[in-house]
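Shared chain: chain A. Partners: chain B in the first complex, chain C in the second.
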Partner chain A sequence: MGVLVFYPTIMTFSYSLKEMKLTSPEDTDFVGLSNYADVLTSDSFQYSLQNTLFLLAVVVVLTTVLGFGVALLLNVDTKISGLLMALAILPWALPPIVNGIIWRFIFHPGYGFMNKLLIGLHITDEPVMWLTDRWLLLLIVAIVVAWRSIPFCAIVCLSGLHAIPEELYEAARIDGGNRIAVFRYITAPLMMPFIGIGITSASITAINIFDEIVALAGYKDLGKNLLIESYLTTFSFLDFGRGSALTYVIMLMAAVLGIFYLKSLNREVEF
Partner chain B sequence: MKKKLVSMLLCAAMAATLTAGCGSDSSSESGEKSSSSGESKEITFMAPDWANPGDELLAEFTEETGISVIFNEVSWDDIRDKVSIAASGGEAAADVIEVDWSWVGEMNSAGWLEPIEMTDEDKEDMPTLETFTIDGEILAVPYANDYRIAYYNKNHFEQAGITEVPETWDEVYDALTKIKEAGIVEYPYTMPMNADESATTSMMWMAFSRSGQVFNDDDTLNEEAVMDALTFENQLVQDGFVDPASISFNGMDCYRKITSGEASFMVGPTKFVGISNDPEQCSEIGNIVPILLPGTAGTSPQTMALPEAVGITSFSENKEAAQEFVKWYSSADVQKRMYAVNSSIPTRNSVLAEMVEDGTFENAGAMLDEADLIKSVFPNGVPSYYSEMSNTMYNNINQMVLGEQTPQEAFDAMNAKVNELIEKK
Partner chain C sequence: MKKKISPLYWVAVLLFLVLTVGPFVWAFSISVTPEYEMFKNTMNMFPKEITWDNYLALFDSVSQQHIRLFRGLENSLKAVACTLVIGIPVAAITAYTLSRMEFKGKKIIKNAILITMVIPVFATIIPLYRMFSAMQMLNSTFWLSMVYASSFLPMSIWLMDNYFSTVPRELEEAALVDGCGRLRIFFRIILPVSYPIICASMLIMFLSAWSQFQIPLILASNIDTKPVSIVASEFMTKDTVLYGITAAAGMLIILPPAVAALVFRKLLVRGMTGGSIKG
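This part shows the complex of A and B:
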């Protein structure tokens, strides 16, 4: 744990306090927090932050809402429940880069499935440029990532649904509670800790999006998030000092989110 | 208390996931080396699959020299990362590594490359060596030749009533207009304009062929040349000569439009000389003719090279063996045989001439003549800040062709970045 986590974490912090551009190996002066100041005030960071927050919001909402919805569907016992469960889990098993490449073929402006479908149905005459508009590109990235992260959220929620004692539902029915009331006063409050886990997982996934963006749009500015910004600064521009500062900023953001969600997990549930 | 502890541990673990991708893997890289002894007769060679000379050639080298070579195939995109991560820890990712033309400036500044001795005869035979020579020192030896050459579809031109080979960009523009008006193809011109490296190099060769320069002697952008190139590129898009969908294609997808018959003219890599004669990859066999790059008053007196080379890492502990391997690898005989193994275009003009003469390259057109016109676009060598500069260039070029910026705005953004990088240097 110490070697794998704390050592690189401490080393990254020490790099972030230095002038450390690999193309100037002799220049490794201690610069204090100036790398952090440069990063936080740069237009590039602000732009990437906006993209990251957009992705975070859309991925969390889509994953949570649809994940819970899928869990409710899977909770209904049918003959094909096993098959449905297997199908629902499939996207989760895909490596992110494979997921991105599959969707790139779907949204490719030239020979993509989506354009062929729209043109075939005479909805449009010209191919839609899915990946050249900032917000459309980000929305597609968010959908692609949510598609991969929904199964985990659904499984967590499904386990939560299974954990709710049947007696509670029976008692509610005896008291004359209708479906909406049962959902509102029993299912929803008891599911909150599980939904919290789903939200936490979706948030971490959203902040860590990398492969899908690279597969769909490359390293262009248009769709870059903070992780791409960090990768470019560190490994493309070889500025390890600034790149390390950026990594720390992202880490702090993730930690703040983690604390927020973990606190919400520990809430007392009333029903 | 227990809850707090669990919360803190979970937060730390979550934060740690972010650092996972940034961890150094230098130990595994150096682990590829089987020996750390200076007397070792085993070297490692890290390069993409297309640089692999194959088991047969490597076995011959081992037999000749007693040096065995472990070929470490790594995708082109990952090599630079692996080299930089290993080098930051003072380790060699491999003894001999792939060096792209665009990396040589930064690798030189970082002190990662060992100078290589070459004879004057070799230097004369390999014009692309200039790209890898900084302050008189050869830092890598090119093995795969790639320089920009123009291709036109003779059939499309003839259908539009054009019988003369275009020599200037004005003539190209007129031809494109006629082809489009005649309805022979909808988008007669193809050129990479996506926000990636190929958009930067395309702008550079465009400026180089039209104005003879891209940069001033102090490495700043030449405003007249770059503005002219940007304006012309933008005009080609605005006039409907370029498929709008191709603005988000990668370079190869754009270039393949000429071999699929969807485009009538392009400037592209030399490997398309071979591709345009391969029935499996080209539907226009015999129609695509490689010609000299157009210029302003006639054909362009220069072209830009984008070669790939092999270099020796400064951290190598087998430098002598590595030198011997690089000399063997770039020899005329190996270059000729490498073409049969992996289609690498030779970087030695003597080998290129021999292969054109003996018919190895069919329909080579102006391939050989263009090779004599290779010049570097960088007056002081490829700068150490190339990656950062290129990133700004391709993003702004892409924004311009998408209609988000004017050529002047794109130039201003590039110019500001280049000046900032020069100042920081």
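This part shows the complex of A and C:
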């Protein structure tokens, strides 16, 4: 693990400080932070950063809110709750690339489900080009990614709901608390640690989106986030130095979130 | 205490079903739609005629698509099997060592393992690529699986460590007194009682390895090693016209993980609520 994780992580940092283009392999001078300076000031970085931040915000909000909603739904004990649970896990088990492909069928301008629906209901006459407008595309990517990250969030929240002792609810009922008060003063605060896990894992997922963008938009500039930008810089333009610097910028973002994640995982929940 | 179920519940269930199952149904419907009907400008949501041609083509042993898809499936299975064979024993032994033995630097090792859980793969891939290409390790199922295993290990170790620490120590102490060695204790006492978490870890590892796209794209994109996820994306870009086939291939690729998730969902939930993540 040391060889395959820690060593490369350190090497990436050392690459990021060097001039390192495969197009001119002899020239590997130490250039200090200039790769970082180049990366951070480039327009293409700004563009991808905006995309990443947009995806991050939308994915986290959708995943957490809907994940909690699904958990509440699964928490109701009925005859079909076992079946619902089984279905709820499905999107999580999908390979992300296939997830992207499936949703491409829904948003395809020609035979996609959404256009057929909209035209069928006479909401629009012209097919909507879902995947050619920057923000619309990003919104769709965010929805698609949220769709596969909701199950995990829901199951974490569900395990939280199970952990709240029934006596607390009974006590509240005896004291005459109505549903909203029960939710506000019992469910919500006790669920915070679990929602914390949901939020942080959703944000790590959101920063690392790659497959869905490839499936929905290809390696084009329109929908690229920082990860795609880093992939293209490294493996298409063969600039390992700048690619490594970009990677480190992404890693710093992920690390900040990761620390929150580890904290929320390790926090003991007591009632 | 059972509460009365409100109509609101059923509305929510309906919405949930449409949003969760809908995309699968749609992809399936595309996969059985005849090519000529796909682009007809109809209001019909679903095809009037159903065709199994796309599936037949994928199962026809001489077709291009069959060869590519099944090569990919085979490569994926190999990589998954290899990852499990490497990953699970290492994870179990490491977790057991961490949860039972006291030694210097244990805390540091534990923290280091946890930290790697949040290092994105991309932070390691550039040097790995250079290392692999310098040492002729590119396009090797074994080395690809080593990379998978090392990136999934932290989570498995963490899950198992949590589980082992709930196994009462008295069991082992009794065995120690009776003169059992550490290894025998591990195989005779720990493994039999912790099979649920081991199975859960295997499942999560299987699903994660099956899903990989980015790592093999860079480290194993050769025809002999590239997994089915890459093949799927190629159906999308190379055969832009053949949507039906792409959808059918997608359905086949989903099948193994979906079946695994459905059959073993109780184990999965147990594994996931151990606090796991899937990258």
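Rule of thumb we're sticking to: the second predicted complex is superposed on the first by the 258 of 271 C-alpha atoms of A that agree within 3 Å, B and C clash if a C-alpha of one lies under 4 Å from a C-alpha of the other, contacts with A are read in each partner's own complex, and residues count from 1 in each chain.
By our rule, contacts are C-beta pairs under 8 Å (C-beta built on N, C-alpha and C of every residue); 3 or more make two chains touch, one makes a residue touch a chain.
Since this is a predicted model, take the numbers as computed values, not measurements.
By the touch criterion defined above, A:157 reaches neither chain B nor chain C. Of the two partner chains placed around the shared chain by superposition, chain C is the only one that A:90 touches, whereas chain B remains out of contact.
With both structures placed on the common chain, the touch criterion links A:77 to chain C but leaves chain B unconnected.
Once the two complexes are laid over each other on the shared chain, residue contacts for A:215 go to chain C alone; chain B is not touched. When the shared chain is aligned, chain B and chain C each come close enough to touch A:204.
Of the two partner chains, chain C is the only one that A:116 touches; chain B does not reach it.
Contacts of A:250 after superposition on the shared chain: both chain B and chain C are touched.
Which of chain B and chain C touches more residues of chain A is settled by the count: it is C. Shared-chain residue A:102: touches chain C; no touch with chain B.
Touch criterion met: A:262 reaches chain B and chain C at once. In the three-chain superposition model, chain A touches both chain B and chain C at residues 5, 8-9, 12, 110, 204, 207-208, 210, 218, 227, 230-231, 234-235, 240, 243-244, 247, 250-251, 254-255, 258-259, 262.
If you check the complex, the residues on chain C that touch chain A are 1-3, 5, 9, 12-13, 16-17, 19-24, 26-27, 30, 33, 38-39, 43, 45, 112-131, 146-147, 150-151, 153, 207, 210-214, 218, 229-230, 232-233, 236-237, 243, 246-247, 250, 253-254, 257-258, 260-262, 265, 268-269, 272-273, 275, 277-279.
By the touch criterion given at the top, residues 3, 7, 10-19, 21-24, 80-81, 84-85, 87-88, 106, 109-111, 194-196, 243-250, 253, 384-385, 387-388, 391, 394-395, 398, 402 of chain B touch chain A in their complex. Residue ranges of chain A in contact with chain B, taken from their complex: 5, 8-9, 12, 22-25, 109-110, 126-127, 129, 131-132, 204, 207-208, 210, 218-222, 227, 230-232, 234-238, 240, 243-244, 247, 250-252, 254-255, 258-259, 262-263, 266. Per the touch definition, chain A reaches chain C in the complex via residues 1, 4-9, 11-12, 15, 69-70, 73, 76-78, 80, 84-98, 101-106, 108, 110-111, 113, 116-117, 119-120, 147, 152, 155-156, 158-159, 166, 197, 201, 204-205, 207-208, 210-211, 214-215, 218, 227, 230-231, 234-235, 240, 243-244, 247-248, 250-251, 254-255, 257-259, 261-262, 265.
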